[in-house]
Amino acid sequence: MSMRLFELMLWAAGKTVLLSAVSIMIGFAIGLMVCAAKLSPNKLLSIPGRLYVSLFRGVPLLVQLLLIYNLLPALGIMVPSVVAAIAGLSLCTAAYQAENLRGGFQSVPRGLLEAADMVGMSPWKQLTRIRAPIAFRLTLPALVNEAILILKASSLVSVVGVIELTRMAQNLSASSFRPLLFYSVAGGIYLVICWTIAGGGSLAERMLKTEGRA
Amino acid sequence: QDSLERVKSAGVLSVGTETAFAPFDFIDETGTHAGLNVDLFEEIGKEMGVEIKWVELPWEGVFPGLEAGQFDMVAGPATITKARMERYRFLTPIAEATVAILKKAGDDSIEKPEDIAGKLVGAGKATAQLAQVQEFGKTLPEPIETREYVGYNEAYADLAAGRIAAVANSLPNIAYLAQQQPEVFATVLPPFGLKTYFGYIGTKKPEDQSLLDAVNAALMKIKEDGRLAKLQEKWFGQSFETPDEVTDPNV
Amino acid sequence: MTRSAVTVRDVHKSFGKTEVLKGIDLSVPQGSTTCLLGPSGSGKSTLLRCIAFLEETTSGTIEINGQPLGFAETGDGKRTRLPQSDIRKVRSRIGMVFQQFNLWPHMTALGNVTEALVTVRGMKRKEANAIGEAQLARVGLDDRGHHYPSELSGGQQQRVAIARALALEPDILLFDEPTSSLDPELTGEVLNVMRELAGGGMTMIVVTHEIGFAASVGEKIVFLDEGKLLLDGPPSEIFGTPRHPRLQQFLETYLDRGAATLV
Amino acid sequence: MTRSAVTVRDVHKSFGKTEVLKGIDLSVPQGSTTCLLGPSGSGKSTLLRCIAFLEETTSGTIEINGQPLGFAETGDGKRTRLPQSDIRKVRSRIGMVFQQFNLWPHMTALGNVTEALVTVRGMKRKEANAIGEAQLARVGLDDRGHHYPSELSGGQQQRVAIARALALEPDILLFDEPTSSLDPELTGEVLNVMRELAGGGMTMIVVTHEIGFAASVGEKIVFLDEGKLLLDGPPSEIFGTPRHPRLQQFLETYLDRGAATLV
Amino acid sequence: MSIDFGLIFARMPEILAAFWVTVWIWIVSNVLAVFLGFGVATLRRYGPLWLDLLLRLLVEIIRGTPFLVQLFLLYFGGPFIGLSLDPIPAGLLGMTVYSTAYYSEIFRAGYNAIPVGHIEAAECVGLTRGQIIRRILVPEMTMLVLPQCVNMAILMMKETAILSIITVPELTLVVGAIGSQQYAFVEAMLLLALFYWFLVELSGFLGRIAEARLSKFRFAHS
């Protein structure tokens, strides 16, 4: 494999990382809203929240991507490839992150909130000062896990016309006819990225650890 | 809005294709998108005074994308068939698409197309080539078995891995592949079955017709002044006689 | 000082169908220490939580320094919920120290103590820190301000919780079994701090199983049983003979452990 | 009956670099009750766990009914680990009751009690059930055999744990703070069962913070401090005046709680 | 664009056959993976250190690369090292290996979540190591890890769609092919979505029932 092709693979890997990172972040924001909706006592919010999670977790990402890319234009909404890819990944990961966050929020011990009540904190302050920071620490491992899953799942976004790492491997093997080589290289690159994320995750966990335990 | 006006005013014609379909579209050793389509559309662009914007996606995403209006037309190209013509508009053929057999280099058991009798043959799922080889198989003394792949590259990989005896695909594609990888693959001549052609595709939406007419006119011009034949020589090692328009395809 | 800091009038509290408090009347004079005793499940914690308005009573009223907490009686015997801001205002007179400490794990000891000063009272960080350090010093933890709860022993955590409550200068402190999750030596630490507070004139209501502490520090002992207030009086009267038979039975489980054989 | 049930000779135990037990010698006569007291971290649990061979000692020997447990001394002062089957055999003479009960949550009370009878002793289910029921009756739980641990109160769980240990008819029972996670009334239940066992001639070693219980039931009191055995004798001697200064300091934290003011 | 399911419904028998292929590969590979995953976790816990490290490396490699890439290497690369498998066996093997890695991590966490005291209690009454694993660890673990296993099974259900690249005639391949033959792409995708959603919801529902039945084995509050 020539240097040039290896560079191409790395460039595609960069795209993979970028797509995943952006999607994880957007997904986190959406996930937060879905989680809030699901936890809401108002049925008008909680039922759509539940439905969202059920649908986006229940349908394979591949199918979601194709539907976003091809069904929305039929309704008059044009979606460029990259937007469709990010939308698909974000909407999907949002469902998983919403569930993680819900778990985190619900595991914040009630007593900590009662203590906040007793010193007179408003509900908003309780959320921003107590609930969210603690829930975030509790969800961090799940978040890292989700980042790795989305990184791997991003191998599917080629169906909406984005050339990321796996697609690049497919393309290059099609023209050079050395599929095993290119797939192995792609696998190796994925591995390096995954291990980097996992390493960063445990580092962050360790940094937050002294504070994390009660 | 009329598509031609839109394309002209934007100065960009966007074309959907799969870049894993050598020699029409592929990524070369230097990592650039190359192939007959790239050269031919460059000429078309010159004729029409627009730039070409490539949208690259896997084949299963191409037609849904076209219907959804993600791009103006599809390069591909695709084999011109009756069924497809009902749904899409094909432009003038750019190459012959008659089916031939690809075998593993050094496989003496297949010398002519009929030798695939009783063997396992691969082809892309829902392709015209699959239908052709299945028809051809019925004429043989022993029936053939077919295996359908999501893409031709998986079929080639499986042929190299030795799981299937042959792959049925259009002659230009397999000839190019055998030429690139002579130690792995070989073409079995002659092609068989009914004569078919490759063409570029657009929709039948009324607003698209003026644009497709313009592209077709550009293509005809390129064909008439011999540029197309030269490109065919460059990419296939030979040129093809193609009709100006296919009105009643064989399949 | 006979003004009442906490007045509980005919308070009932049900969870679903089970009535846990069955009409409690109680008056806690300002500056006094009241100890709540009673067998497990008798409703001690529930009563304390009602006084802190962490639970809403089913009926009855609770007044803090003469002001109604949570609900206001309307003339016809019904009651309306007061606005949240009123509730927060009245409740700001009360501090609560929980059995499980409930320190916020992501803040240092000092952070725990100053959090409300900054976010609720709107103080400057610096000002708040000065107060926080003073309060920590008061409970003997001047050198532990920058430790996270997980780095403190149980007794130290409990004292941080007390400092947190004290920082807001409440009139009334509520304690729910403040020592039951501590080991004997740590228990001593915390009881000493409480003894000092009692000496300093703080109004305190303490749910406790430490009979000895109750007997020596409580100016008033309240014995709850099955959601009813069975006994209410000074320790000499409550613990003195003849004892109420239910109390006697309750105390036996302690005496039986032979704590007395030592002396 | 002066034969020794448990003999501990110069036992040292280190975790990594910290030495937790610094040469313990102890002899527990058959049929007696020995109570282990000491401040937190002094090594009480570690010693008990060494006796049950849940921890391996770093040096020194432990004998159960005269048989070495875990290691055999070879002539030259070194020692070799005995085969696993020997260890199991000697250990089968010992029953242990944990502070956290450690009942198996997927088995009923009866299942917990009979498990070892069936899998270790190879008894028939029916036979084992008969024994199990008898043991549960002995701790007052004849009607709770078919409940899962999660359906039992803390005191009931602790008594199931005792029945589980008793079912194997051990010669020696070890208890690690058997009541410290129980509330006062449940504590009474469990101490009563233990008192009965002590009366019935079982050899028991009990780590406890219940000074009263130790004083009244222990025939021998052992006071550990910083990994050393500081005091060892009958309660009258240990608790009687003049007291050892370290013990006095330790006891003060209890006395300070005023437990004595009641009587 | 009009939506017309008629074209696709005409091919229902084929679709149901593919549905069945998806379901049985999913079930068989997951059942195998649960047992193998338990085996891997057990070997890692009780086996020698080198085996633990080796298995850990393998698990990390499998969890760190997309299933698509693994499957491709297994199916198209296998023959070059003498492992030439037909699509269905290859798919089954790929799914099983991939899921085993994940299940083994669930069981490893399960082992660690069982309070040490429960094991010590068993040692004290004389159970052997084998008996402890069989009688205490396995049943306790079952109830600890059940929710995660259900979750995992659902994730794997969706991974079966990737088997299409090695020509396993499963749901995505067949419905996709029918869609492109009939030029009913969107209809095909909607139908696919519906099928998978149904399967996922069904598994979630069954999982919840199983959990409810096991709920009385919760850890006692201690």
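Letters A, B, C, D and E mark the chains as written, and numbering starts fresh at 1 in each.
Here, a residue touches a chain if its C-beta (ideal position, glycine included) is under 8 Å from a C-beta of that chain, and two chains touch if they have at least 3 such contacts.
The UniProt protein names, listed by chain, are A = Amino acid ABC transporter membrane protein 1, PAAT family; C, D = Amino acid ABC transporter ATP-binding protein, PAAT family; E = Amino acid ABC transporter membrane protein 2, PAAT family.
All figures in this text were calculated on a predicted structure; none of them were measured in a lab.
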Report the chain whose mean Cα position is at the greatest distance from that of subunit C.
B
Which chain maximises the distance between its CA centroid and that of subunit A?
D
Pair joined by more contacting C-beta pairs (B-E or D-E)
D-E
Find the geometric centre of each of subunit C and subunit E from their Cα atoms only, then give the gap between the two centres in Å, rounded to an integer.
52
Could you tell me the distance, in whole angstrom, between the mean C-alpha positions of subunit D and subunit E?
46
Interchain centroid distance [CA atoms averaged], subunit A/subunit E, Å:
21
CA centroids of subunit B and subunit C: separation to the nearest Å works out as 82
Enumerate the residues of subunit B that touch no fewer than two other chains.
60, 64, 67-68, 157, 160
Note the residues in subunit E that touch 2 or more other chains, in rising order.
1, 76-77, 80, 185-186
Could you tell me which residues belong to subunit A and also touch two or more other chains?
66, 70-71, 74, 179
Touching residues of subunit E toward subunit D in the complex: what are they?
115, 117-118, 120-128, 131, 135-136, 139-140, 142-143, 216-222
Which residues of subunit B touch subunit A in their complex?
16, 19-22, 26-31, 55-58, 60-61, 64-65, 67-70, 151, 153, 156-157, 160, 177, 180-181, 184
Mind listing the subunit E positions that touch subunit A in their complex?
1, 60-61, 63-70, 72-73, 76-77, 80, 154, 158, 161, 172, 185-186, 189-190, 192-193, 196-197, 200-201
Residues of subunit C touching subunit A in their complex?
52, 54, 88, 91-92, 94-96, 98, 100-107, 115-116, 119-120, 148-151, 161, 164-165, 168
Quick one: which bits of subunit E touch subunit B in the complex? Just the residue numbers, please.
1, 75-80, 84, 86-87, 164-167, 173, 176-177, 180-181, 183, 185-186
